Amino acid sequence: MKASRARLKKPMADTVRNYTASVSYDQRLAPYDIEGSIAHAKMLAKREIISNKESAQLIEGLERIADEIERGVFLFDEEREDVHLNIEARLIELVGDLGGKLHTARSRNDQIALDMRLFTKDAIKDVLEALHDLRGRILDKAESHQETIIPGYTHLQRGQPILLAHHLLAYAQMFERDSERFRETLRRTDVMPLGSGALAGVPYPIDREFVANELGFRAVSANSIDAVSDRDFVIEFHAAASVAMMHLSRLAEELVLWSSEEFSFAEMDDSYATGSSIMPQKKNPDVAELARSRTGRVYGNLTAALTMMKGLPLAYNRDLQEDKQPLFSSVDVVTSSLQVMGEVLATLHFQTERMRHAAEEGFSLATDIADYLVKRGIPFREAHGIVGEVVQFALERGISLADLDLDQYRGFSEVFDKEVLEITVESALKARSETGGTAPEAVSRELMKAKKRLREE
Amino acid sequence: MKASRARLKKPMADTVRNYTASVSYDQRLAPYDIEGSIAHAKMLAKREIISNKESAQLIEGLERIADEIERGVFLFDEEREDVHLNIEARLIELVGDLGGKLHTARSRNDQIALDMRLFTKDAIKDVLEALHDLRGRILDKAESHQETIIPGYTHLQRGQPILLAHHLLAYAQMFERDSERFRETLRRTDVMPLGSGALAGVPYPIDREFVANELGFRAVSANSIDAVSDRDFVIEFHAAASVAMMHLSRLAEELVLWSSEEFSFAEMDDSYATGSSIMPQKKNPDVAELARSRTGRVYGNLTAALTMMKGLPLAYNRDLQEDKQPLFSSVDVVTSSLQVMGEVLATLHFQTERMRHAAEEGFSLATDIADYLVKRGIPFREAHGIVGEVVQFALERGISLADLDLDQYRGFSEVFDKEVLEITVESALKARSETGGTAPEAVSRELMKAKKRLREE
Amino acid sequence: MKASRARLKKPMADTVRNYTASVSYDQRLAPYDIEGSIAHAKMLAKREIISNKESAQLIEGLERIADEIERGVFLFDEEREDVHLNIEARLIELVGDLGGKLHTARSRNDQIALDMRLFTKDAIKDVLEALHDLRGRILDKAESHQETIIPGYTHLQRGQPILLAHHLLAYAQMFERDSERFRETLRRTDVMPLGSGALAGVPYPIDREFVANELGFRAVSANSIDAVSDRDFVIEFHAAASVAMMHLSRLAEELVLWSSEEFSFAEMDDSYATGSSIMPQKKNPDVAELARSRTGRVYGNLTAALTMMKGLPLAYNRDLQEDKQPLFSSVDVVTSSLQVMGEVLATLHFQTERMRHAAEEGFSLATDIADYLVKRGIPFREAHGIVGEVVQFALERGISLADLDLDQYRGFSEVFDKEVLEITVESALKARSETGGTAPEAVSRELMKAKKRLREE
Amino acid sequence: MKASRARLKKPMADTVRNYTASVSYDQRLAPYDIEGSIAHAKMLAKREIISNKESAQLIEGLERIADEIERGVFLFDEEREDVHLNIEARLIELVGDLGGKLHTARSRNDQIALDMRLFTKDAIKDVLEALHDLRGRILDKAESHQETIIPGYTHLQRGQPILLAHHLLAYAQMFERDSERFRETLRRTDVMPLGSGALAGVPYPIDREFVANELGFRAVSANSIDAVSDRDFVIEFHAAASVAMMHLSRLAEELVLWSSEEFSFAEMDDSYATGSSIMPQKKNPDVAELARSRTGRVYGNLTAALTMMKGLPLAYNRDLQEDKQPLFSSVDVVTSSLQVMGEVLATLHFQTERMRHAAEEGFSLATDIADYLVKRGIPFREAHGIVGEVVQFALERGISLADLDLDQYRGFSEVFDKEVLEITVESALKARSETGGTAPEAVSRELMKAKKRLREE
C-alpha cells in the first residue's frame, strides 16, 4: 500500500485508479521533473538537510533515470499514478531507502507547479522561435512582392488596389504582437514555486534562490498558497495561443480563397498540397484547412482551463491535474501550425498577373475619383453620391470606369476635368504615402522597420 | 506515390504529413471502418457491381484485419495518413489488386461520416448505460434515506429541512433528463450516410437501404451534400455531455463540501478516497474534484466543435477531421465520470446524526413559523417581518427558536398561540405534501415513479 | 426597509443595489410574471387559502398593471431590485395590504423559474416559426432551381457538378434538424415549477395541476429542489440556437463568397445589401456578415450559461440570476437572424449562366471518367491514377477535358472508347440517382418529401 | 437615400435596418467619436485640407453636440444606423454642407477603430484603478490579521495552519498579476489607427502623429489593413478580464463557504448582505454569488470575440461590428465586480476565534510531526507512514494529536522524544520562514513589499 494511503484501510478501487492516474500523459513532464529534483537534491545538501554523499547518490540515480527515459527504456507504470511516483519508485530501486529522502522539504503540490512552469517556459520558447521563423518568411515574401498589385477587400468585395507586400505586412504586424504577448507570458511563468510545500511553505532551512538559479528562473514565488494553486500562466498560454491561431485562421482562410478556381491568386507548392481520393483533378489546401480548424481546439482548451479554475477555493485542489492535457494540446497545435503555415507561405506561388488584373478591373478606383472631386471642393458626401451615379451608369452598360471619356464624366459633374483620366492603379497606390498606407515608399519603409525589429529580438 | 496524389508532382513534405496524418488517433475507428466496409462489399455484390467471389474475398480479408487489430498485431503506419488507408493497404496486401475495388462507389468523405456515426451510436449507448446505472444507484440510496433529514440550502445557507431522499431525487431528475437528451441525439445520429460519395452521390446502382439494414441504422441520409458535411450529431453529443457533466459537477461539489470537516455530512469509502503525500491525516475527495474539473474539458470540446464548424462553406472541408479528438475526449470523460461517481455515491457513508442535528439547529423552521402566521390571517409580507424580528431576538441571545417560549413569541405578535410550539422539523416536512414537495409521502411517491420509469426504459 | 431584509440592521449599500438589481433587464419577464400571478391567485381561492373576493381583487390589480406595462406607463424602479418586487409594490398601491397575500405559498425562487419557463416556451415557438418560414423559403428557391447547375465544392475546390436545388436542400436538412431540436427543448421546458417554494415545496394545500392547466403546461415538476435550481432548458436553448446559428453561418459564408466579384454566383437584392461610405461601387453582404458574426454571440452565451452552472451546490443560488441576459441575447439573435436570412435568400438573384459555366469548365467530370473506367473493370485506385495523368496532361496544355479527343484518351489507357466523349455534366448528374444523390429525379423526390414534412409540422 | 447607398436602387428593408443598426448600443462611443473628430478637424486645417475657418466651425458644432449628449438632450435615431451617422447628421444640421467635409481623409472603418481604442483605453484605466483599490483593501485586511490563524486547505480538507494574512496575500498576488496584464494590454491598445481609411490609407497629406498627439496615443499604427481589421486589443481585454474574474470567483467561493453556518469563519456586513423573501433568518452572500456567476459572462464574451474573428479574411468585414456589446459587457462586469468585492472584503467581519479553533483541532500538525521524524533521520516516506498510523490510532479513539502522550507516540516509533509534545500551531507556523512561507516574519516581509509595489505603481 502506498505511503500516501497510510490512513486508508482499503486499496484503491480500479475505477478510481483509472480515473485519477495521470502517468499516461504527465510522463511528458519527466525530464523537467528530474531536472527539478536534481536542483532540489543539490540544495538539500548545500543546506545540510541531507549529506553531500546522499545528494550525489540521488543525483546519480536521477541522471540514470533521465537517461533511461531518453533512451525509451523506462517503463511508466499506471499503478504508480503519476510521473513523480514512477520516478521515485525507480529511484528507490536504484539507491534504496535513500530515495525517500528526496521528498524532504517538498510536496507533490509544489513539485508539479515547478514541472509545469519548466515545461511551459520551454514551450513558449519554441513558440517564439516558430513565430520568429514565420515572421521572417512573411517579410521575405513581402520583400519580393513590393510591386505586385492585388485588390484590397472589404466585405470580400474588391475595394481599393493595394500592394501584396502591404497585405502580407498586415500579418507580420499580427504575429509581431503575438511574439510580444508570449514574451510577457514567459516573464510571468518564469517564477520558481518550489519550497511552497503542500500549501504553507516547508519547515526546513531551504535555499529557494539557489534552486531558482540552478534552474534558470528569474525569481522565486512570493506566496506559497498562491504558488501551488496558481495556473494563470497556463491560461495565459492558451489565450496567447488562441489569438495566434486566430491570426493563422485568417491567413488560412485567405489561402483557401486564393487557391480556389474563382480567385486563382495563388497555387500551393505540390509538396504542401494534397490530392483527392476520388477527384483526381483536385489540389487541396488541406494544411490551411486544418490550421483553420485547429483554431477551435485551442479556443476549446482555453475554455477548459478557465472553467477548471472557476470558483476553486484555495489552495491546491485535485481539479488542477486537468491543466495538463489541454496545455499539451495547445502547445502542439500552435507550434506545429505556425511552422507548417510558414512553410506553406514560403513555397506559395502567387499568380501576379491574375491579381493585378483583378485589381484593375471593375471599380477599384471609384474612391480615388471621389477624392479627386473632394480636392476640387466638393464635400465628401456629395462627391461620394456623384461617383455612385457614375458607377451605376457604367454597371448598367457593362463597362468599367477606365472606359469612360471626359464627356461622360462631365455629364455627372462640371467639376471633372481631363486629369480624372489620369487616375490609375499606380497613382492610387502612390497617393497613400503616409505611415501605414499602401504607397510603395511607405510599404518599403515599414518593411525595413519590421525586419530590423525582427533581427533585434 | 499515393493514388490520391496523382496530379501532384512532388512528394508530400514531412511537416505536412505530420500535420495532416490522423492515424495516431483515428485508428480508434478501425472496427467501425471494417464493419462499414464489409456491409459495402456485400452491397456491391448484391448489386453486381463486383462479383460474389470478389465480395467474399474482400470480406475475408477485412475480417482477418479486424482480427489482427483486435489481437493488437496490426501495425498502423503514420505514412499511410489515416485509418482508411492503413486498412486498405493491408487489404491489398492480403487480396491483391482486388482490394482497390472496395473503394468503388465510395469516397473517404462518406466513409468517415459512416465511421463517425457508428462510433457515436456505440458511445451514446455506453453513456446511456452509465446513466442508467448512476440513476439506479441514486434511487437505491434515496430509498434507504427516506427518513434521513438534512438541511436544505439556498445560497449555501441552511434554509428548510428536507429529506436526504428528496435531495438525491433532484439528481435523479437531472440525470433522467440527460438520458432523454442522449436518446434524442442517438436518434439523429442513427442515419446512414454511405452512398453520398465525395459530395454528390455516386454513379452506381447502389442499395443504400441494404447497407443501412446491415449496419442497424433506422434511415438513410436524404441529401449527399449534407451527409458528408454534417457534424450536428458530434456537437449534440458534446452539448448533452456538457449538461451531464455540469450535473455531475454539482454533485461533485456537494460531495467535496460534505466531506469537509466543517460539514462532515458524508465520508467516502476508503476505496474511493485518496490520501496526501505530505499530510497523512487527509482523506481527499479526489474523484469528485476530477469530475468537477473534467466538466471543463467537455465544455472545451463543445467550444472546439462549434468553432470548427463556424462559417464552413459546403460541402466537405478538411476542417472536419478535427471532429475526432474532442469527441473521443468527451466520450471518455463523460462515460468514466458517470461510472466512477456512481460508485462513489453507492459506497458513500452519510453521517445521518450530524445531518439531522444541522437541520434542527438554528432557524430552519422560521419559514414555517411565518406560514403559521399567514394561516392565521397575517399577510405574508408582514408575517415575514415579524419572524425576522423573532430571529434577530434569538440571534442576539445566542439561542435557537426551539428555546423560545410562548410569552416570548407573543411579544412579537398576539396571533401566536401554543400551536407555534408544535412546529417541528417533522411537521415542517410533512406539511409539504403536494407533488414535488419534501413530505415523506410525496417523496416516496416520486421515488416509486422514478424507479418505474427507469425499469421501463 | 424591505421585508426581506428583516434580519439585517443596515440598509443595502448603493454599490450592492446597483450590482444586484435586475429590473433593468428582467422587466422583459413582466407579462409572464403577471400571467403566473393571476393563475396563482385563482388557485389560492380555489383551495380557499384566500377568499374568492380577495382573489378577484388581486387579479383585477394584476390586470391593471399588465395594462399599464403594455401601454408603457408603468414605471420600473431600480430601488425595487427586480420585476417581482416592482409588480408587488404597485399591486399593494392598488389593492392595499391584500397585495402581500399573493406571495402566500410562493417564493421568488419558484416564481422566477416559472417566469423563465413561460418566456422560453414563447421564445421557442417564435424560433420554430422563423425556422418554418426559412425552410419554406429554401424549398421554394430549390423548387425554382431544379435545373440550375452549379459546381459542388470540397475544400473550396470545384469537385462535381450538382443541382443548385440539391445544394439548397442540404440547408433544408440542417434547419429541419434544428426544428426537431427546438421542439424537444420545448417539451422539456414545458414543465410547471410553481409550488416548489424556496426549495422544499410549500406547506399549503395547493393545486399545482390547476396552475399548470391554467398556464398551458403539459406537466408539473416532480422535485422541488430540482425545480428551483434547474436551468437545463436555458442551456438547451443556447445549444440548439448555437447549432442553428452555425448552420446560418455556413449559409452566410456562401452568400458572401457568391457575392464576390470572383464567384459572381449571386447578387443580393438592393433592399438587402448595403453600400460603402467611402467606396461607392460596393454592394456589401452586411446581413450575411452579421449573421456569421453573431454566431459567436450565441456560442458565447452558451459558454456563459454552462460556466454559471458549473459546480453549483443545490438548491437555489443567486448565481442563477445571470441566466437572463444571455438568454435574451440568444433569443433575439437567433430569431432575427433566421428571419432576415430567409428574406435575403428569398430575394437573392442567382447568376445561373455563370454558375453553369463554372460547373462545366475545368475538370469537374474527372471523377465520372474514373468511374467510367471502373465500370470497365479497372480497379478504382488504378482508374484514379490514370485520370490524374489525363488531368495533368490537360492542365499543362491549358485545355479542359472536353477538349480531348479519343486518341488522346487512349494514350493513357486502352480501355477508353468513344463513350468517354459522351460524359457530360448532365450525364454525370443523372447517374447519381439513388436517394440523396444529385440526379434531378432524386432531388425532386426529396424536395417533395421535405415540403410534405414541412406542411405537416 | 443615404450617400452610402448611392449605387443601390431600393431603400433598405426594415428587417435589414433593424438587424444592422447599432446606434442603440454604439452611442456609448459618442464622446470618443467626437473627441476623435475634433482632432481630425484640427489636423485637416493644419494640413490645409480644409480652411482654419471651416475647422473652427466643425469643432464648434462637434462641441455643441458633445454638450447635447452630455446633457441627455441629443436624440439618437435608429434610422441613422450608427453613432457616426447620427453625429454627422446633427453636425450637418448645425453647420450645413460643411459637415460633409469632416469625412475627408477618413472612413468609418478607421473611425470606429479609433473610437474603440479610445474607449478601451479608458476602460482599462478604470479597471486598473479598481484593481488598485481592491489590492489596497486586501493588504489592509492582511495587515490587521497577521496574528489570525486559520486552517490552510487542500481538497477543501484542513491541511496545515496558516496565517489569515498569508491567505489574503495569495489574492494580492493574483490581482497584482491582473494589474500587470491590463497594463500590457493598455500598451498595445494605445496605438492610433486614424489615417488608415477604408483599408489602404488615404490619398491626402495627413499628419497622423499630430492626431496621435492630440488624442494622447503613444504611437500610430504601422499598417492600414491591419489597423482596420485588428481587434486583438478587444480579445486581450476579455482574456485579462476573464482571469481577473476567475480570481474573483475563487474569492467569492471562499466568502460563500466562510459565510455558511458550517464554516462560520466570516460574516458579511449587513450593508453587503441580502435577506430572503421567504426565509427571514437568512443572511445571504448574494454579491459573492453574482461575482462568481458573472465570471461566466466574461468567459462567454471572450468566446464570442474569438469566434467572431475566426477565419475572417482581410481587411474590414461587417462581422467586426459585433465587437462592441460583449466588450461593453466585460468592461461593466469586471469593473463593478472588482469594486463591490473590494467593499465586501473591507467590511467583512472575521470570526477569528472560530478560525483558530478550526486550525487547532484535528490533525493539522500531522505534517509537522512527520517532518520532526525526518529531521531525526527517518526517510520521508517512512515518517509519513508512521504518522499515518498515529492519525488512524487517534481517529479510532475520537481524540486529537494533542491528546496523545509520549508513550503513545513511542508505541509507533522509538525515535519520538518529548520534543514532539512541543509541536504547536505556533511552532508550525514559525518553522515556515523562507520566502513565501506562512511564518509571521515571512508574511510581514511580503506584506511590506506588496504595499511598496502598490504605492509605486
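We just call them A, B, C and D in the order they show up, numbering each chain from 1.
Heads up, the rule we're going with is that a contact is a pair of C-beta atoms (placed from the backbone, for glycine too) under 8 Å apart; a residue touches a chain by one contact, two chains touch by 3 or more.
What you are looking at is a predicted structure, and each value in this text was computed from that prediction instead of being measured.
With contact taken as defined at the outset, chain A and chain B are each touched by C, D. When the C-beta contacts at B-D and at A-D are tallied, the pair with the greater total is A-D.
For the pair chain B and chain D, the distance between C-alpha centroids works out to 33 Å. Each chain gets one centre point, the mean of its Cα atoms, and the points for chain A and chain D are 23 Å apart. Of all residues in chain C, those that touch two or more other chains are 3-7, 9, 103, 109, 154-156, 159-160, 197-198, 257, 275-286, 289, 292, 295-296, 299, 302-303, 306-307, 310-311, 317-318, 367, 384-385, 387-388, 391.
Listing the residues of chain D that touch chain C in their complex gives 2-13, 15-16, 18-20, 103, 107-109, 197-198, 269-284, 286-287, 289-290, 292-297, 299-308, 317-322, 325-326, 329, 336-337, 339-340, 343.
Residue ranges of chain A in contact with chain D, taken from their complex: 3-7, 9, 97-104, 109, 152-156, 159-162, 166-167, 169-174, 177, 180-181, 184, 188, 195-206, 208, 220-227, 229-230, 232, 235-236, 239, 242-243, 246, 249-250, 252-254, 257, 292, 295-296, 299, 302-303, 306-307, 309-318, 367-368, 371, 374, 379-382, 384-385, 387-389, 391-392, 395, 428, 431-439, 442, 446, 449-450. Contact residues of chain D toward chain B in the complex are 154-160, 256-257, 259-263, 275-286, 289, 303, 306-307, 310-311, 358, 362-364, 366-367, 370, 384-385, 387-388, 390-391.
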